[in-house]
Structure formats: structure tokens, C-alpha cells
Amino acid sequence: MSVSAEVLATEYDGMMSQAKRFLKIGKQITIKVPLTWEGLKACRELSGEGAMVNVTLCFSPVQAMMAAKAGATFISPFIGRLDDAGQDGMELIHEIRTIYDNYNYKTEILAASIRGIPHIRNAALAGADVATIPPEIFKASLNHPLTDKGLAAFLADAKKAGVRIREE
Amino acid sequence: MSVSAEVLATEYDGMMSQAKRFLKIGKQITIKVPLTWEGLKACRELSGEGAMVNVTLCFSPVQAMMAAKAGATFISPFIGRLDDAGQDGMELIHEIRTIYDNYNYKTEILAASIRGIPHIRNAALAGADVATIPPEIFKASLNHPLTDKGLAAFLADAKKAGVRIREE
Amino acid sequence: MSVSAEVLATEYDGMMSQAKRFLKIGKQITIKVPLTWEGLKACRELSGEGAMVNVTLCFSPVQAMMAAKAGATFISPFIGRLDDAGQDGMELIHEIRTIYDNYNYKTEILAASIRGIPHIRNAALAGADVATIPPEIFKASLNHPLTDKGLAAFLADAKKAGVRIREE
Amino acid sequence: MSVSAEVLATEYDGMMSQAKRFLKIGKQITIKVPLTWEGLKACRELSGEGAMVNVTLCFSPVQAMMAAKAGATFISPFIGRLDDAGQDGMELIHEIRTIYDNYNYKTEILAASIRGIPHIRNAALAGADVATIPPEIFKASLNHPLTDKGLAAFLADAKKAGVRIREE
Amino acid sequence: MSVSAEVLATEYDGMMSQAKRFLKIGKQITIKVPLTWEGLKACRELSGEGAMVNVTLCFSPVQAMMAAKAGATFISPFIGRLDDAGQDGMELIHEIRTIYDNYNYKTEILAASIRGIPHIRNAALAGADVATIPPEIFKASLNHPLTDKGLAAFLADAKKAGVRIREE
Amino acid sequence: MSVSAEVLATEYDGMMSQAKRFLKIGKQITIKVPLTWEGLKACRELSGEGAMVNVTLCFSPVQAMMAAKAGATFISPFIGRLDDAGQDGMELIHEIRTIYDNYNYKTEILAASIRGIPHIRNAALAGADVATIPPEIFKASLNHPLTDKGLAAFLADAKKAGVRIREE
Amino acid sequence: MSVSAEVLATEYDGMMSQAKRFLKIGKQITIKVPLTWEGLKACRELSGEGAMVNVTLCFSPVQAMMAAKAGATFISPFIGRLDDAGQDGMELIHEIRTIYDNYNYKTEILAASIRGIPHIRNAALAGADVATIPPEIFKASLNHPLTDKGLAAFLADAKKAGVRIREE
Amino acid sequence: MSVSAEVLATEYDGMMSQAKRFLKIGKQITIKVPLTWEGLKACRELSGEGAMVNVTLCFSPVQAMMAAKAGATFISPFIGRLDDAGQDGMELIHEIRTIYDNYNYKTEILAASIRGIPHIRNAALAGADVATIPPEIFKASLNHPLTDKGLAAFLADAKKAGVRIREE
Amino acid sequence: MSVSAEVLATEYDGMMSQAKRFLKIGKQITIKVPLTWEGLKACRELSGEGAMVNVTLCFSPVQAMMAAKAGATFISPFIGRLDDAGQDGMELIHEIRTIYDNYNYKTEILAASIRGIPHIRNAALAGADVATIPPEIFKASLNHPLTDKGLAAFLADAKKAGVRIREE
Amino acid sequence: MSVSAEVLATEYDGMMSQAKRFLKIGKQITIKVPLTWEGLKACRELSGEGAMVNVTLCFSPVQAMMAAKAGATFISPFIGRLDDAGQDGMELIHEIRTIYDNYNYKTEILAASIRGIPHIRNAALAGADVATIPPEIFKASLNHPLTDKGLAAFLADAKKAGVRIREE
């Protein structure tokens, strides 16, 4: 199971001391730092020591490039919040993808603040690396009215043909 | 104020008798009928008599074309529900726009089941004629963090300059 | 009601004498002639006399241009049969549309041999003028699983709210 | 010969016990499960045990991605049924192709419910991996009027040249 | 009937005296001059006097623009000869169309040296104004194997139904 | 001379009373209101009374559409501030242009916070209606090294030719 | 030298016995079979035995795919005959190229029935593997008026410079 | 005949007094001023008085827009000199065309410093309004090797047919 | 730390003697030479001897190609100055990228004279190799109003939840 | 130093005997032959024997393909002469590039008859392999007015700072 812990500090020293405490618990913990000057300094230091870092609160491709240069393991563009600002959040995923491919950055794009199924659909088409999907949206993403209809028809046919569907 | 009334029937006769009763209340009432064979028959009859008809539950450009041919005043593609099915709901607006422009249909495209600000944004870029926006989304659509920031800076500058902002 | 009659002849004289007999029945009858040299000669003659002519069995944009020049009222590209030959039948509609728009030809494009709903959809997006749709396809074109589902949900909600749906 | 067996159950337990029985007959049997929450759970379990799984009743790219993540050997988008709903079924193949290429998924795209030759043509141009073609459509797909004409001309020429075509 | 006469001269004076003689025969005669300095001088003079001039031997869009400026009634790009030189002759039609549309020139584009049906097809799609088609190509342009096949099937059906096809 | 006055208030009542005072000075004064709920209410009221209103602090196409619907005379997208946030400010001008053209809105797009010559260049290519350019940028926008070089060469030539350049 | 022999039969058995006789003469002989059901059966059998098979009379991308699946060494789209039917023959080469690249088929595309230099030009740009060019077209394909003119100028220059061009 | 006179001054006053002297000679004279701050001031003044002004030494679309705003009758982008600087001079014509079309400016684009036939060709395709072409390039622009060849063949044919080409 | 030294000379000999002195200090020093004939000669000589050379003052793709051929380690297009001339400076980065990719040149593109965040953004999207960013712009590039807002919200939530944010 | 020698003959035998004499001087000499039937025969023979051959006077992509098939080391499209004929010479480079990439031909494209800096620029963007540039154009290609201006400013700054620029 992957675990990630968010530092509750805005200055480098505070971030580092908290991160160190988290990492004592286990090397597998991903440290979350915000996309600020202090956050990126902490990111560089921590990733240099082999820790996994997720840089959050990313809203522009320039920020994403800087995070990659600071050694981030994950970058978290918050597309839902850009959408709320009347802009095209998904475009951000495309621009980060372009820049990361241009320079062969290994930082993974984590589509954060997924609000609904269109976000999953578009993140997949744009090539985001990871998407954090709330469980109810995950389950809903499997639904399609034609699947329901097809399943019903199939079961009806089976019944008509004398097949007994048993849930053993 | 525009008023619209939904018929609670699935057969032509039921739809018509209900619609007639609504129209007795006022000619300005838009009658809502579902996009079914019976619904379109009612639509043709009602629009032929000068009533305004909104054909709802539209999910394909073919349906939309048939509604236009039946004299619909409005067509209501439900983009949110297509999105939920993992498809690109907004594409439907574009296809209906193309077909309506090809044949110069006057039926207005009413972007129904608006779920968030991206729906408003995209419906506007695609050229939908009308959008029914829930009040809280309408208000939220005016927000942008840079507007807030700009406003705060502007007020701070005014204060510094000794201007008293009075809400008279 | 529009009526159209197909000439049962392959030579100009036979076509003309049959057409004349049809036109005696009524001026409103559209005469159908095949896209052959003899057919186009008959088309020019008949359209020159004010009759409506539908040139059938069209499979290429060049044929369609020649029919327009011969004064055809309608051109009937048979897209289903091109599809059967492993080619893209709908492309033909697009090419005829381009040529007719280039030269402002008034001949109407009649999408013939409609086989299913994709043909209706594509003909509408390409801007065909007329489509002859078999009744069962016409009815089926109104169906969408989300319409059914929406209708069911709406009726269920109405029921729950104590509304009695009466088919008067 | 490839054999595939469809589970007649809607719950995980039922699916698994039926699948196990099929697999006792032979490891080569592909198990068909529907694209539901229960179906994908079974898919993951079965594919983890080395069985081949075909996830059916797929209608959206999001569903297809989830099936790939669950280890499906095949995904079966039912393009004919989407076409019937007035949407562009073939677009689904393209979107799944894009997503599978983005993430290098090995799940094979099986163009199911092939209705005619355009489906074969388009599935091939979109890069579907497998297509299940009814025998009569398969045979018809080889026909082209110019092939017939060319063959006839060729045989006629041979005859004229005195060649005896013998079916030995 | 439209008549056109080609001047047999390479100098302005020779061209003019021949043209004058042709025009005495009838004002309707189109004078053909080659796309040379002398030819365009003659074109300007003749078109200024109200005569119709067809400038031939055109192979570049620059030549075509100069001819239009000299008042040509028709410009004749020789696409077949450009094709023979391994270049894309049809591209020339497109470029002339663009320039003539940019400046609203009324000179008509006459697709000359039509070699086969693809030339007719492409000239129509590019929007050439006139095409001079040899009679045998004109007739051949009406053929399509599916037209033949459709006609045969139609006649066979008629026969089966007891209809006697009479060529009266 | 065009004059514009900025209201120093964040509530509707304060905005209106200030605006009224400005308008007493002269009807030609454009009232500036921020893109907030209160600001748009004031905009609708003021424009309804015939005043000119400039809605400022616009950062999204959705905001711009709402301002147009509220009757704004001008909309002021602040492209420089979007640029500072690592986004493509100029894209906003394009999106507003598209939406305003879709609905034929008469609100003029005022490219505000012009920071340099690229902003002028791009605003012109995107079709902004007005641009407020600081004087020093305006003057600088006329410079080009080849203009200087050409001018120098021209003057040198004139000198060589004995022409005396007199600034009379 | 490559030799190819055309079977004079329309049934599988006839094709096979003739092919066998040809192959006794030499393994290098390519067997030509028509694109029919019987032809493809023979193709599969013969290619399975290591013989080279050229499937002729191909007019659609679907046919071409089936031939590749049957193990054809070469596929021969007859583009000239499609052109004659008023369709875009060259498009067929592009579609086959796309499908063969999608599936990594090794069957070589042989541009058959080359009618002129545009066919060579376009087949090369589309990436056909082989083109059978009649000798007179092959020779003509080397001509360009500017080559002639350049050569003449070059020889004239050489002469002027006193160089004697000797054909030793 | 159109006459244009270049002011030999770099300051507004000098430009104006020279321009006034030129305009006394004739109102038809176009005054040439360079694209500088002083030049545009003179342009505005002169065009306001009804004179025709040609603004020269233009190298950027921003300069061209400013000239149009200053009332220039003509703008002269010097594409040859941009080409010499290793940039794409012709792109400038396209950008000016876009801006002038966006704002419906009536200033005519004068393609200046034409260096060869490609400049004429491209200026025509881009929609420049005027091109000043040196006489030798103008004449050369009529040449094409296939025109020469066609003319030679035509004359040879005429000769063979016994026609005497007389230059009367 | 990377050090670079600019030669203060315009002739080859002066450049070389200065460069030699710099290189005595350390082999790691990058020598900066201007993009002139003399500068490229020095570049070839120095790079041939293993020194690192940065060719500055580049404004066209042709210049950049020549610098690459002369063995430059870095090329410095000055995009800000092109922007100031009313041209699209960023286009230069794209053209250099295309040419360097065409020929597999190893010279690194160094986006020089970065003026603001849009330059960083665009250079990254175009694939520049290096960008020299003034410190204040570098820091500013990390800002986004939604990051600030998100951070504030996060800290407020933490506070509400009783978490004490300590900067240890 | 690379040396190339042009054969002064139009027949195969003459070409070969001259070429043989050149090759006796040195194996490194590239033999230039014109793009004619005889020239290509000589090319095949000579390249078969290991000599380097440059096929000149190329004006069409079909010619270029034939030269590559004949084993040419270099192909020399003469773009300047095509430009003079009012066609787009540079398009030829693109088409040859496409064909050579389609078939992986190793023949190098040599952009011959370079007339100015746009030819260098475009040949580089199109991916020509070699360009023969006259020395004065080569030198001019390094000039840009902003380079001059930057250099002047730099030197002025240095002077002001008391640095003595010494050309040692």
C-alpha cells in the first residue's frame, strides 16, 4: 500500500523536520510539499536523499517544470480548481505532458482533484501517469446504460433458453 | 418570466390533453415533452398550433435532427448524463450545432443538466443557444482567484492613498 | 404527398415515352432515370420541359456533376452499396456537396439506400438535402438508452411524489 | 481453435465458480465477463491466475481503461449498439487505441458486433486488434464490382485467345 | 455554339491583324493567344475592345495573375503537361483559384488538356470554371460498375415481376 | 477625450451611488466596475440607463460572457497577470473573441495591462477591439532595426547625391 | 529476372493444379490469383507452402487486409480502374498503407495499372512498395522541360568555351 | 500615371514642408514617409487633409497597424530585407493581411522590394494589394519552359500543316 | 559552477588571444563569441581544441545553423529583442529546434534575454535546452494565485483541526 | 577537399569514357551526370563500380526517385529555376524528402542553385542534406541588423566601462 504524508509547514526548516519524522516511519512514504520556493527547496533536498516527493498545488506548466527540475517524484496539477476558475484545466495536463516529453523528465503526472468521469476520461486521453479517483466516482465510471441494457437482454435470453443463473 | 411545464405521460393522447390544459393557463408556457416517438408526434401537433415545445432527454444528433423536423422550439441535450457514461457530452453540442447550421433549423439548443463551470465554458465556445444554470453555479462562475487578488490589491492601494471606501 | 415513378427502359426513346405517360397522370410526379448516357439525355429533356427528375444509381462525384448539368432535380448517391464494396460511401456525399457548393448547383442530394442510423447521422453532418429512411429505421433513430433511463426515472419520481400518470 | 465461454452470473462468486468450471475443461478457454464492478473483480482474479479474460459490453473509453487495469486479455467495445444510439461507435475504437497506446496496455481491442463491411474497414483503419466477423459478412467483404468485371474480362480474353479454362 | 480561334503568330502585330480578321466573322468568337509578353499585350488590346480572349499555355499562378490583369476572359492552365513533367498539375488550379478569389478577378479558369476522368473529378473539386472534355472521356465519365450492376439487377427484377421493357 | 472612472466600492449600493456621482459630471464617462456579482449587478443597472461600463479584472471566458450578458460596453481581460501565473494570457483574448462572435455580443474587448510589444502584436492578431498601451511602449512599438538601417542608408544616399536635408 | 504467372481458373482446385504446374518450372515464379474467395484460399495454401503469391484485382482496403491475412506476398490495387470509375484511386494506396502499417503486415503493395506519370508520383509519395511501369512511361518519367533547357544551355556554354563534346 | 515623392527629412516639420511643396504640384502625388514617430505624425496630418500617404520601411505587423491607424493609404513592408536577415519575409504580408481584415482597415498592402518571381507568387497568394515589380522581373514572370515548348510545338504543327505564320 | 566569459573583440585574432587567456584560468569556462564571420571562425577553432563556445546575438535560424556547423556548444537566440521589433521571437526557438533535429546537431539552444514568465513557458513548450532566467523572474515563476489560495485553505483547515504548525 | 567533375556528353558511351578518365585522377572525385535516360544508365554503372555520382538538373520528385534507384550518391534539385518558372521550388525538396524517407534511400539531397538566404533557410527547414552556397551569400547569411546593433551596444558599454578593445 502506498502512503503519503503532507507536511504542515510553509518554511523549509519546518518542512524538513516534519518530513524527516515521516521518513523514520518508513522509506515508502511519499512526502507532499506545496509548490512554493520553500517547498521546492525541500523537494530537492528530500529527493536527493532518495525520498519520494509529491509536489502539490500545481496550476501552471512553468511550476510543473520547476518541480521536475527539483527532483519531484510526482507533480499534482489540480485541474478541478482551474476548471472552477473558468479555465481549461485539462489543457494543463497536455502542456505538462509536452514539457516532460521534451526533456524526458521522469516526474509522474498525478491528475489530482478528479471531480467526475470526464476528468478520468480526459486525463487518460492526455496521458496523465496517475489519477487519484474517489471510490464512488471509480465505481460510477464503470456504468453505461448500454452495459445495463445489454446485461439485462443477455440474462433474459439465458432465462428464455432455460438457463438458470445461480449466484453460488 | 418564462414558464415551462413537463407533461406527465408517455402516450400521445395523454401528452396532448395535459399540454392543452397547460396552454389554457397561458400561451407563453413552454411544453416539455420527452424525445420519443409519441413525444415528437405531440411536438409536431403542438408547435403546429403555435405552442412552444422543449424536447428533452436528447442524447444523439440524430434525435436532435428529428426534433427539429418535428418543429421543436428548444432541444435539450443532457450533456452531464453523457459525461457520466464516459463519453464526451460536449461533442454532442458541436454535432447538433453543425446539423442545425447545415439546414438552417431555428430550434434553439438548450444545454441542459449543467453540472459545473466547464459546462458553461464549453457550451459558450460551442455556440449553444441557451443554458440552464443552477444559481450557485451561476454565482461561482464569476469567481477567479486573480479577480479576488486584484480587487484586494486595488482596495489596499486606495486605503493607502487615504480613500475611504464607503458602502453608502 | 410526393410520388416518384421509375422508368423501365434503357434507351432514350423508351424512357421518354414512359415518362410522358407518367407525367400525364400528374405534373407532381418525379421521374426516376438511371445515371447513364441515355438517362441523362432524358433528364435534360424532361427537366427542360419543367418535369422533376431524380437521377439514380449515382456512385461518383463526376457522375453527380454531370447529372446536375443535365438539370436533375435530385441526385441519388447509393452510399450503402459503396460501403458494401469496402469503400467510404459517406465520402461521396461530402464530395458532391463540395462540387454543388462550388458551382451553386440547385440539384438536391438525396441520400439513398439508407441502411441504418449511422447513415442518417452522417448524411445530416455532411449536409445531404434529403434522406429516404425506411420506417423502422426512422422509429429506431429516436431511441437512446439514456432517454429510456431518463424517462423511467422521471416517471418513477412522479409516482413517488404521488402524481398519477393518466393516459387520457 | 479458440474457444470462449460466457459466464451466466452477475455476482463475483457466481462468475468465479462458473469460470473455474470452464477452465477445468481447458486452459485455452477465454472467459467472457461483463463490464461491471463484479465482472472486473472476477477479471482481475482470473487473469491473475493466468486465465484469458474477454471483458464484454464495453461502451466508453473509461470502461476500457478500467478493464485493462483489471488485466483483461481482450476488451470488446460494442460499436454497433453505439451506432444504433445515434452516436459514432467507431470513435470509441480510436479513443481506446489512444489510451492503450498512451499507457502501453497489452489488452487487445476486439471489435465486437460487426454489422457490415464499413465496420471492418473502419476497425482496420483505427487499429483494432481483433474483429469478430459473421461468416456471410466475411465472404461479402471480398466482393467488389470491379473485381467481378476484371475477372470476367480476363476470362473472356483468355477464351478469345483459345485458352481452355479447366477446373481440374 | 461557342467558337474559338487560335492566332498563328508570335508578335503583337501579327496577332492583332489575325484577331481582327476573326472578329469580323463574328463578335462571339473567342480569340486564343499564348501566354507570352506579346500575347498579353494583344489580350489587353482585344479585351479592351470588348472581344473575348482565352490565354493558353499557362503553367504557373504568376502567369495566370498576369493574364487576369491583362483582361483575359479565360485562362487555360494545361494541367496534363505539368503532370507529364512529374509535378502536381491540379495544384495549379487550386493556386489560381486562390489568387482569383483574393482579388475578385472575373477571368474564368478553363481546365485544358483534360486527359482522363481524374482530371474532371479534381477540376470540379478545385472549382475550375470550365473544362474542355474530349467526347469519349465525357461519355466514359458516366460509367461506374455499380451503376451497371444496379441497372442489371433492376431490369432483372422488372423482368421477374412480369414487366416487359419495351424500347418504343 | 475619453474619460473613465473607477468605483471604489465592493457592494452594489456603494458602486451605484459613486457611479451616479461620476455620471453627473458627464454622460461620456465610462464607469469601471470589477467582475464580481455586485459589479455585474451595477453594470446591468448602469448600462440599462444608458451609461458606458467597463468591467475590469476579467480572467476567464465565462466571466467575459457574463459581463456581456450584463450589458458591459467594454470587457477588460488582464492578460499580463495571467501570463505572470504561467498561463497563456493571449489565449483568453481568442476565447472571448470566439464567444462574442458566436452570440454577436457588442461588448468590446479591451486588452488591458499591456506589458510589451508582443502583447500589442498578439492582441491585434486575435482581434481585440481596444488596447490601452502605455506611451513608452506605444513609441517603442514603431521601432525596428531594419527601419533604422533603411533610414540611415536612405539619408546617406541622399547626402551622397548632394541633397541637403533641411529640417525647416 | 522475376517471373509471374497468372492462373486461368476461378475455382480453388483449378487454381491449385495450375499453380503447382507453374511452380514445377521454378520456385521463383510468383503465382497471380484474383481477389476472390477461391483465390484467397489458394493464396493461403500456396504461401503456406512457401510460394510467392500476387493477389490481383484489388479495389478496396478491406480486400487488401484479407489478402494480407491469407499470406499474400504482393497485393495489386488497380488504381487506374478506380480512377475511371470517378473515384480517387490513389486514396486506396494510402488506406492500404495505413492498415498494413497498423498491423505490421509484410505483404508488399504493388501499384498496378500505372497509366501515367502522376500515378508514379503519387504512389511514391504514398509509399507503395512496387510499381509496374510500362517502358514508355518509365522513359517519359525522366523528362522535364527544365532538364532539356538546362542541358541545352550547358552544351551551348561548353561549345562556346571551345569544348568538343565527343561521343567516344 | 501615378507619381510618388519621398520626403527627405526625419523631423515632422521638415516632412510637412516638403510634402506641402510636392502637393502643390498635384493632388495625385503620393507622399512617402518612413515608419517613424515623426513619419506617422506627418502621415496623420497629411491623410487628414486628403493627401495620399505611403508609409515605407515597414518590417513588423505592429508597425503596420500603427500606420493604418495614422491613416496611411499604403503600407510598404520590405519583405526582401527581412529575407536577407534570415527570417520569413512573406509571413509579414500574411500577418498584416490578418490584422487589416480583423479591423477592416482600408490601407493597401504594397509588397515592396520584390526581388524575384517567388515574391510575386507569394504576395499574390497572401493577398497583398499592390506589388511594385521591376520591369525585368515583370517580363520574366511570364516565362515558363512549357509555354516555350508548347509554342514551339504549335508553330511546328502549323508549319507542317502548310500554314504560313506571317507577322503582318 | 559554470562560468562563461565574453570576448571583447570583433576580429578573429583579438577573440582568440582573449579566449586563450580565459582558458588558461580553467577548461570549464565557456567562451562567448558574437554571431559574426570572425566570431564563427573563432568558434570553429576553439571548439576544435575542445573548448566550450556560446555563440550569442543570434536572431535567425540561418545564423543558428551556421553556428552549429562551426561547432558551437550553445547558441543564444535573443528572443526578447525580436519581440521588441514586433516579431514573434518564440518562433525562432521553434525553427532552430526543427533544424537542429533535422540534422541531429548537438548544439544546445539557450533561450537568452528571458524577460518574463511567458518566455519561460514558451521556451519549455518549444524545447529549448537551456534558459538563463534572472533570479526575480525565477522566483516569480513559482507563484500562482490558486497555489496561494490552496495553501491558505490548507493551513486554515489544519488550524481548525487543532494542528499546530510549527516552524522548527 | 571534395572535387566534382561534370561529364560533357549526352550519350552513355561518351559519359562513361569521360567519367573513367576523371576517376583515374582520383577515386574521391564525384561525377556529375544530367538527369536523362543516358545519364541514369551511366549513374548505375558508375555507382555500381563504387564511384560517387551527382545527378543534376532534377526538377521533379519522380526524376529524383529514378536517380535514387540508379544508385545516385547525390541528387541536385535546381530550386531556383523552378522558382523562376513561377512554381514553388522549395516544395520539391519536401517531396523528395518524403519519398526518400518512405523508401529509406541513402541518396543525399543537394539543394543546388541557391539564390539567396531564403533558399538556405527553407532548405534547412525541409531537411536537405547538402547545400552549395556561393561565398557572398554564405557570408551575408550571418548578418542580422539586431546582431549589428547588439554588437555596437556591447562595444559601447565596454568602452564606457573603460575596457580597451585590443585586436592583438
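In order of appearance the chains are A, B, C, D, E, F, G, H, I and J, and numbering begins at 1 in each one.
Everything that follows uses one rule, which is that contacts are C-beta pairs under 8 Å (C-beta built on N, C-alpha and C of every residue); 3 or more make two chains touch, one makes a residue touch a chain.
Worth saying up front: this structure is predicted, and the values here are computed from it rather than measured.
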Interface copy of B-D among C-D, C-G or F-J, judged by whether over half of the contact pairs recur: C-G
Centre to centre, by mean C-alpha position, how many angstrom separate chain H and chain J? 33
Between chain A and chain E, centroid-to-centroid distance (C-alpha), Å: 62
Averaging C-alpha coordinates per chain, one finds the centres of chain B and chain I separated by a number of Å equal to 51
By residue number and range, which residues of chain D touch two or more other chains? 59-63, 85-87, 117, 120-121, 141, 144-146
Please list each pair of chains that are touching. A-B, A-C, A-D, A-F, A-I, B-C, B-D, B-F, B-I, C-D, C-E, C-G, D-E, D-G, E-G, E-H, E-J, F-H, F-I, F-J, G-H, G-J, H-I, H-J, I-J
What part of chain H is in contact with chain F in the complex they form? 6, 8-11, 13-14, 17-18, 34-37, 40, 56-63, 65-66, 78, 81-82, 85, 95, 98-99, 102-103
Chain C - residues contacting chain G, complex: 59-63, 85-87
Spell out the part of chain I that touches chain B in their complex, as residue ranges. 145-146, 148-149
In the complex of these two chains, what residues of chain I are touching chain A? 117, 120-121, 124-125, 127, 139, 141-142, 144, 146-147, 150-151, 154-155, 158, 163, 165-168
Hey, which residues of chain F end up touching chain I in the complex? 83-89, 115-118, 120-121, 140-141, 143-145
